[in-house]
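Below, chain A partners chain B and then partners chain C, in two separate complexes.
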Partner chain A sequence: MKVIKEAIAGTLESSDLLVKVAPSDRGTRDVVIRSEVIKQFGKQIRRVVTDTLDKLSVSGGSIVVEDKGALDCVIRARVQAAVLRACEANQLEWERLS
Partner chain B sequence: MNATADFYTVHPKDAPAEREDIRRLLAANDLELDDQIEVFVVCRREGRLVACAGLDHYTIKCVAVAQDLRGESLSLDLGSEVVHLAAARGQFHLFLYTAPHNLPLFRGWGFYPLVEVPERVVLMENSPVALERYCDSLRAQRRPGKTIGGIVLNANPFTLGHRYLVEQAAGACDWLHVFVVKEDASMFSYADRFALVAAGVKGIDNLTLYPGSDYIISRATFPGYFLKEKGLIEASWAAVDLLLFRDYIAPALGITHRYVGSEPFDVVTRSYNAQMKQWLERAASTAAAITVVEIPRASLGGVPISATEVRRRLAQHDFRAIGDLVPATTLEFLERRFPATVQ
Partner chain C sequence: MKLRRSMLFVPGDNGAMLSTSFVYNPDSVMFDLEDAVSPREKDSARLMVYQALQHPAYRDIETVVRINGVDTPFWQEDLEAAVRGGADIVRLPKTETAQEIQELETHVARIEKACGRAVGDTKLMAAIESASGVVNAVAIARASPRMVAIAMAGFDYLVDMHTRRSAGWEPELFYARAAVLHAARAAHIDAFDVVYGNVNDDEGFLREVQIAKQLGFNGKSLIHPKQIDLLHKAYAPTEAEVSHAKRVLAAADEAHRKGLGVVSLDGKMVDPPVIHEAEMALQMAEAA
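Let's look at the complex of A and B:
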């Protein structure tokens, strides 16, 4: 999927996260993650974010995650929502969202 | 009850009673209501206004939470609300002003500090990498030389005075980097101003012309600048704009000198020139000092040439008088844009 506009999803509340997605003029996929629990779960959070982006075939774009200690399923849902908005996806391929 | 349910937006110009409540909450937090704010997110609890955050285009200002409600994550809800409000208005790249002691709170909103004017104000943005990426794009344009100049032009519109300034500066440098203010807040649009600068500096070979950016004299870095056409001057935030230039933009391009035309008329620009010397040359900073060179304005018959004068004559449709002040390219544009009206 191609990121064609800026989009956000999520909140800054505890146990949630705010995901910002924007087109990248460099064509690369840049993921920046900030988390209040980066020391304990940084690797796991990055794995979930990367995996979610891979499943949606997002090859380019800037993805910034402000995590407030969200569970994996929440991270996945917020990343998906932000990406789908940023790609203006109307036809959902549900199996990619599992 | 849903904790976020009592948030709503207020357009201060259309809601005097709400505006007064906001002004009181801000005053209790030693803040003044900024008249540039188009819309506020506010929160009421049992009728009482307990939190607010204002949005001026893409800059968040005037954020306050009632003293007795701090420490219960109301501020994070407020942050989410204002970020979503900005997104709904098409603004994703956001800036934020705060007092230095509140910096940790806004880190929690996903904002990162750019520059600090000690004990006064911090400018933050909601990306940990945006400014660095912008500087990367500038670094690719570096040129060799000992004296590297920088000029920032609003050029509203481009005059022979601008041409003279650019010529003088280019003559004194190995290479000159010229930026055009991007904000669409002046009489002439950014696209028109840029095109006239590009046409007007033709023939000067040792310069690079850049589109403006949010980091150089923008609503975010220097909100006061865009009020001058309305004759309003607020407390000057020129320091923030100048520190950004000194700490990030100049080092990225290796700029050693900043050139500026002397300002005989405009109070805001004159004060900006004076502050330039303070913040680029004298103030403490980890970045090297930049020499500020003030070049006396070109004048015509003893009267300095200025864009203000061009706009004044334009109001009178006096194209013959304008022809003395602007290059042919600007004159053609003005004649095309403002054809003589049939009286």
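Let's look at the complex of A and C:
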């Protein structure tokens, strides 16, 4: 999927996260993760974010995640929502979202 | 028999509640994609619910998804998220006719086939929120073999009826409650009473619970976790009722062993309805 505009999804409330997605001039995929629990769960959060982006075939774009202690399922959903908004994807391919 | 005393509303776009609602042990969790979610967040909430449904924490709890009404542009995508996510039940708000349930069922079956779920696995329930819905409640309750429950929703109904909530015995809801409950019983499905909106008024909540329980509702839709324990305790049988239920079942067992058709206990006949009531009382006591 191609990121064509800036988009956000989520909140900065506890147990949630805010995901910002934007096109990248360099054409690379740059993921920045900030979390209150980065020491304990940083690897796990990055794994979920990367896996979600891979399934959506996002190869380029800036993805910034501000995590407030969200569960994996919430992280996955917010990343998906931000990417789909940034790609203006109106038709969902559910097989890519599981 | 599946106990359905408490159905807890969980806003579909609330990360904290999606992450914690299972710890309160309601009989059913209802992820809401309708009124609790603003139109611009429907897409994100749909994905949140889709993902939460697959979380292991919800594996052992009945999950319900309230989709948007069939008069909105949202309901079909909501349905995809609910059925593909594995929801046990889809709740249709503002149901007014049996045809709406039948249309919903057609789409549910289509999605089940597309995603590999067994056709018929997803159950349905209808919320009645208007005079038309109340008048058609029997047809709605019987509209599909997938129907497992029908719920009364008070706010929209009272607006439709040109009245408002009162305290006390609530005459404004009496006819609708009785009609919806009769429809459920005639269709052999469960019935949920309205939500009680003032979460700081335990006394008022318990008063309304007693009305619902006495009328015969299985339980209530709830908007706050603190109402779950209050409701379960109110629905729990007393020690005397538990003791009586045990004696009824013991008498029935003895009659069965002796090959007797009926038996009496304290001068009263113990027949199948009495045995069923005793079994339900013990189930309620165990769950409380």
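The rule is short, and it goes like this: the second predicted complex is superposed on the first by the 98 of 98 C-alpha atoms of A that agree within 3 Å, B and C clash if a C-alpha of one lies under 4 Å from a C-alpha of the other, contacts with A are read in each partner's own complex, and residues count from 1 in each chain.
Here, contacts are C-beta pairs under 8 Å (C-beta built on N, C-alpha and C of every residue); 3 or more make two chains touch, one makes a residue touch a chain.
Model, not experiment: these values are computed from the prediction.
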{"item": "Fit or clash between chain C and chain B when superposed on chain A", "value": "fit"}
{"item": "First (chain B), second (chain C), both or neither touched by A:Val64", "value": "first"}
{"item": "A:Leu92 touches, of chain B and chain C: first, second, both or neither?", "value": "second"}
{"item": "Arrangement angle, chain B at one end, chain C at the other, chain A at the vertex (C-alpha, nearest 10°)", "value": "120"}
{"item": "Which of chain B and chain C A:Cys73 touches, first, second, both or neither", "value": "second"}
{"item": "If touched residues of chain A are counted for chain B and for chain C, the larger one", "value": "C"}
{"item": "Which of chain B and chain C A:Ser14 touches, first, second, both or neither", "value": "both"}
{"item": "After superposition on chain A, the shortest CA separation from chain B to chain C (Å)", "value": "8"}
{"item": "Common interface residues of chain A - those touching chain B in one complex and chain C in the other", "value": "11, 13-14"}
{"item": "Chain C to chain A touching residues, read off their complex", "value": "14-16, 18-20, 43-44, 47-48, 50-52, 54-55, 77, 80, 84, 115"}
{"item": "Chain A residues within the chain C interface of the complex", "value": "9-11, 13-17, 70-74, 76-78, 80-81, 84-85, 92, 94, 97-98"}
{"item": "Residue ranges of chain B touching chain A (in the complex, touch as defined)", "value": "73, 76-77, 79-80, 83-84, 87, 92-93, 108-110, 126-129, 133"}
{"item": "Residue ranges of chain A touching chain B (in the complex, touch as defined)", "value": "6-8, 11-14, 18, 20, 22, 26, 30, 32, 34, 62, 64, 66, 68"}
